[in-house]
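Just so it is clear, A, B, C, D and E label the chains in written order, and each chain counts residues from 1 on its own.
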Amino acid sequence: MSHSEHGPPLTREIRARTGIDPARCYQCGKCTAGCPMADEMPTRIQQIMRKIQQGREELLEDPSIWLCLSCEQCSSRCPQQVEPARLVDALRELAMERAPGTAPRRIGAFHTAFLEQIKLNGRLYEFGLVLGYKLRSGALLDDVESAPGMMARGKLALVPTRIDGLDDVRRIFEACERRDSSSEEEAK
Amino acid sequence: MNALRDLARQLLEAGEVKVVIGYEDSRRGVRPAFVSDPADVDRLIFDARCVHNLATYLNPRRGHVKRLGRAAVVVKGCDARAVAGLLREQQIAREDFVLIGVRCGGVFDTPDATGPLDAASIAPRCHGCTVREPSLPEHVVGDLPPEPPVGRDLDAEVARLMAMPAAERLAFWNRELAKCVRCYACRQVCPLCVCERCIVDKTQPRWIEPSAHTRGNLAWHLTRAQHLAGRCSGCSECERACPEGIPIHLLNHFLAGVVRDAFDHVVGDDPDAPAPVGAFRKDDAEEFIV
Amino acid sequence: MRFGYYPGCSLHATAREFSESLLTLVKALDVQLDEVEDWACCGASSAHATNHLLGVALPARTLAIAEGQGLDNIVAPCAACYGRLAGAAHEIEGDAALKGQVAEILKRPLGTPPEIINVVGFLQSLLPEIQPRVVKPLDGLKVACYYGCLLLRPHKVTRFDDREQPESMEQVCAAVGATPVAWNKRIECCGAGFSLSRTGSVIRMGREILDDARAAGAEAVVVGCPMCHSNLDMRQPAMNRGQAGAGALPVLYITELVGLAMGLDPKAMGLQRHYVSTQPLLDRLSTAVAVAEGEVS
Amino acid sequence: MARIGVFVCHCGENIARTVDCAAVAGSVADHPSVVCSVDYKYMCSDPGQNLVKDAITEHGLDGVVVAACSPHMHLKTFRRAASNAGLNAYLVEMANIREQCAWIHPRTPETTVKATDLVRAMVEKVKQNVPLEPIRIPVTPTALVIGGGIAGIQAALDIAEAGRDVIIVEKEPSLGGHMSQLSETFPTLDCSQCILTPRMVDAYQHPRIKLYTYSEVEKLEGYIGNFEVTIRKKGRSVDIDTCTGCGACMEVCPSKKALDEFDMGLRTRTAVYTPFPQAVPNKPVIDREHCLHYKAEARAIARGKPVKAVCQKCAKACAADAISFDGGDELIKEKVGAVVVATGFQLYSVAKDQPEPYLEGYGEYGYGADPDIVDGLQFERLASASGPTGGKILCPSNGQAPKTIVFIQCTGSRDPAKGIEYCSGVCCMYTAKHAMLYQHSVHGGRAVVFYMDIRATGKGYDAFTRRAAEESGAEYVRGRVSAIYRADGKLVVKGVDTLGGEPMTVQADMVVLATAIRPQPGIKELAQKLSISYDQHGFLNEAHPKLRPVETNTAGIFLAGCSQAPRDIPDSVAMASATAAKVLALFSRSEMEREPQVAKVDQATCSGCFHCERACAYGAVEHLEVKDRRGNVLRVVAQINPGVCQGCGTCAANCPSKSIELDGFTDAQVFASIQALSL
Amino acid sequence: MFEPRIVAFVCNWCTYTGADLAGTSRLPMATNVRIVRLPCTGRIDPLFIVKAFERGADGVIVSGCHPGDCHYSEGNYHARRRFRLFKELMDFTGIDSDRVTFSWVSASQGQKWADVVNGTTERIRALGPFEGYPGSEEVA
């Protein structure tokens, strides 16, 4: 990116990570207009874009970034091809690195439980996911009605399948987490 | 070889051409041959000693060749670039001559070379050759010889010079150019020196001093190089023709690099490809302009 | 015919009927699927959302293995897996640096990744095989083809026929005798990503989609994505709750629909596993199914 | 031996303060071939000029150097003086010892030395000067105007009113262009037809204007003052001269399915038709795509069968016997001296099929397929008293008045993802107008305008948009619309209010898209015929963005209206009048006189490499065949057309053999200056 | 102190007018620069520069309209390519290309012209007389 040297730190970081220049956004709002979560986000996607342009660090603690479904409708329709969804991914990445635990409990719990499963088995063990998620989120009684149904329908495997290349997966995780911390230092 | 001769014979017998311009052997190595009698086609040869760029005989300045009548010219892939240049600049018309392309496995530095074609003896211009199979000619003869050996690379030569301190470089060129006797063999042999009246022969005013002196010499060689920038086919015949052994082709080769990097153009054998001469891009780099 | 095959995690569990219907279908078409050996999870939908490199490296491992197996394409029926695999392939192809980085992490060479094929494209390419085998056209069963987000976007990765007005799913359904209805929410997201964590939102989104499908007169919703399916199927009671006139609307995998048209055994395809009963629909097509069962057994 | 006179000016104290003028004159006096060298207080004053004139006669000077201010200031003055004294004007040069010497240096010996050097150098140059005569090019004082919209009409009328002949070529059957489709016009809301029709009639009846409707430019040859245009007159099948315009033919025509272009496809028309009631000329034309006879003829020819007369009811119905099915296209040649290109615009369409690969439609708006999603021009027709609804704004789908209407600005414009990054300039204004027209027509209706920015920079424009928002009560919402679809009989418009930061969905009955302005189809082909340049969208390039906005790089060809960039009516009209002024200046004399600073080729030494041609921005280089007595072509050499050459000298510098000289700055002159200044 | 001789080749429309502006604004400048007025940088043949050096100039300034402002719309673009070749060639032959200043000076940039003139003069002063031609005196 030609302008990677300009702008506040957060803006620069996002630009560096995504190769997208947030300055291109001209705030038309088409992203918000088509966003399925717009009504639930305290900070709408178009406002998130503005704050990225301004380099507002508080974005990293803003629950809104965790309310993006990555459905990419915004990216697909952005007249300036800024790909807001991609920028939000980068924000979440940054948040995990710099301000862990700021994700809304349930969503954070979900992601953690999810990745935990992959680390453990190399594949997603959904029963484990649900358990892990519930323990972390404390949402113990949600969906109690659906679980037995799943059993009945043979939709919940009770034993996880492990892949042979587990150490592959572990290595991947290590490498990626290392990169996190390193880029954290860069940020400092 | 036979394919070449057979084709030459056909062309002559069919009256398609009056003369075939190719290569023949002689006591002092290979030399250009002008064959107008079908009986003589067996004089024609092609091997690694066929250094000459025969495209130069298509240069309109060579009236005497023109007078021989419609010609078929034997060209290597690299020579074809010069032909393309002449076509591109409307100096010749494609229908006025025939091209006999020869598949090439690299050539020596000189037409009288002996011994094997190896890294030491191969001409620098063969380095990284991409036109061993000519595409412009209507006829292409011979089998594709094996990959030529990797030899001297002019880019390395240029780099070596550029690595010197400027003063040394200046001294180097002054030394070299001081040798120039202004015989203009470089101009005569060049297939792309097409001017009716060369600029050095213009007297009113006299931009380039004709006397063999560093001033005129530098002016001459700088001008020559610039006039060939983006046009030079890289045959380095100028350098071979130079009786003083001045590495003048280096100047052309250097500018070819500049044209490639700055104007993103490489001289090829497509006559219809746009040339960088008299052209520009609005976003051409201009870091050297304040 | 042979294709590479990446089932992905959910086809082994929540989306069992998807894999069952797919496998029954390819058997009937005698198409062979070569499963990628020892594949790992593609990381959807958490990896890329939280760690970009992870979101690329995980699927990249699968790509590398497949390449090693000499597969030049991979059918990824799960839309999420498809998105991640195709996305990763797209990214490492476009970014040499990233490619090197990932290759090093994987300690595996990365060449040209195999072509990733989604279930719709897969069936489209098989239509010449399928159509002659359609024993009982679905006599105009009104279906709402639901693309959702993962199949379609990002367009630069999926290169779907049209980012806003796609038709390929409709083409497949029409080809087997169903009647696709025109409706509006075909490419809206159903929110499955939040199925566990923000069930409330998901119910809202799912409800809008189902309502629109019903309004368009659909008798069933056809999907190509396990997340959409588990969402619209398993959560449908909640979505319909308190909705006047919101009758249960079966949600079929496109493989199931094609299978039914080919007269394949609904049980073999796992239709009994659905939350929203598929029985009424099967009854509507009973004659066809009866004939089919006769053949199968 | 040359005889040069040197005249050093003090410019009052301006020069004399730091330069010792007498010393300069003194030391130059004994410079070779300087026969007189004097200094004087004010050279540009009458006595000063007389000093020069007298010296010319007295010393028989063949060269003059005036050492004074910048040549930009007084070169013309002294050249005029010299020619009055019988010395060729181009034997006079100026040495700039004021701006570039006296004013920037202190009073030191060096300053005087430099001044002397500058004078000496100029003396050396003048020795190389040769007498030149201004170039005279005959001018055909007839203008060709391409396009009969408001811009073309305005240009034509201005030129004709000034007593020059004009030829208008209009590709449609009638004059009027897009303006004739408009209902009212901003910012005054006066009726478009009412102000345009009189102009159309004036143009039609003007004795100096020759009108070719249903015609297109086939070819343009020649150069400024001396063009020859070939016009393709498309087969009209109706003889304009005998036709009375009674309309009987249209009443009997059985083919009624053709979409009416003038009404933007909102209704159909017959195959023989006049585009609209006020058409000029008000004579019909037969649309051969839809006419039963021509369709049958085409089929017959395709099958190689004999052509039989089919239908031809119109011909039978024509009392004047003006209809004939025999005539085809006709090619006409005309000589003109200047060309005005006023080809206008077309609207970008949101449909899936696009004319250019880089353009994309709006799938998220259902590609505009819904009948109640219309574009700006369709809305104009709906709002126009002469339109399909007689001026009532009604939904095309059901003929009901829309209770809620949504206007979407910047549809296509400023949307790189769809392929157009520029602002179309007029949409903010006409959308405001539309909102007002709607409020006047549908009382108590709700109008919502989605906009990005309001760009209302014209006179009274901003007030106009404010009125739309404040008085007419249109809801202005800043934001782009993400999607439009139909649900429960309504058009659901999913928009956003970016200022409130809220998504906003509107249930509308009609949606009006303010789609982008694009150049006319075929503009690039036309530009190539005229050898003028265009940008990536096909808008024609002006010669200089600031100083020559209505000229092109091809001398004698001018631009008006939307052919150059999106423009509204006042701008188009102003621009048209500007082109008229340029044309009239050109026509003001029977011969154009131009500075003789042009390039010349030495054909003896030219080798015909045509590097010059490649380097010429004006296409002034021509190919000249050198032939022997028997007429065989010996060589092809370059020749420069003095009428086209602008005198930049780029060709001269590009000529490897230096066979091109630029008069006024010849090699000899430059060489002499360098020699003198480098020592 | 060494007083270099510098020849400036400038276009008539932008730089020459800019130099006039510098004059009317009375901007002080070194006296070392002598201007040759040409219609356009497109008219400038590198031989002009070579000739200037041959004749004894120690430095050269070449200046015209900024890209896009050329009075002849394209002349400076062609010039730019020519200058590129010439400059690289100077470097390659060891002639210090610092002796030539290539600049764009518009009609409104009087100050920039002054800076170009003074800057170049200072630079050439530092470089000393041009001695690119060993044995020049032989024919000089």
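Everything below uses one rule, namely that a residue touches a chain if its C-beta (ideal position, glycine included) is under 8 Å from a C-beta of that chain, and two chains touch if they have at least 3 such contacts.
Model, not experiment: these values are computed from the prediction.
Steps from chain A to chain D, minimised over paths through touching chains, total 1. Greatest Cα centroid separation from chain E: this falls to C. Centrality annotation: D (chain centre taken as mean Cα position, compared with the mean over all protein Cα atoms).
Comparing mean CA positions across the assembly, the chain most remote from chain A is B. Here B-D and C-D were compared by C-beta pairs in contact; the pair with more is B-D. Per-chain Cα centroids separate chain A from chain B by 62 Å. For the pair chain B and chain D, the distance between mean C-alpha positions equals 47 Å. For the pair chain C and chain D, the distance between mean C-alpha positions equals 56 Å. The distance from the centre of chain A to the centre of chain C, with each centre set as the mean of the Cα atoms, comes to 23 Å.
The residues of chain D that reach two or more other chains are 364, 615, 654, 658, 671, listed in rising order. Counting partner chains per residue, chain C shows two or more touched chains at residues 163. The residues of chain B that reach two or more other chains are 207, 278-279, listed in rising order.
Each chain pair that touches appears in this list: A-C, A-D, B-D, B-E, C-D, D-E.
Across the complex, chain A meets chain C through its residues 17, 36-37, 40, 67, 69-73, 75-76, 83, 85, 89-90, 92-93, 96, 104, 106-107, 109-111, 114-115, 117-118, 122-124, 126-127, 129-130, 133, 137, 139, 142-143, 146, 149-150, 153-157, 161, 163-165, 168-169, 171-173, 175-177, 179-180. Interface residues of chain D facing chain C in the complex, by the touch rule stated above, are 352, 362-364, 366-367, 485-488, 492.
Those residues of chain E whose C-beta lies close enough to touch chain B in the complex are 46-47, 50-51, 54, 67-68, 74, 77-78, 80-89, 91-97, 101-104, 116, 132-136, 138-139. By the touch rule above, chain B contacts chain D in their complex via residues 60, 89-91, 194-199, 202, 204-205, 207, 227, 275, 277-279.
The part of chain D that touches chain A in the complex is made up of residues 364, 410, 414-418, 452, 478-483, 494-498, 501-504.
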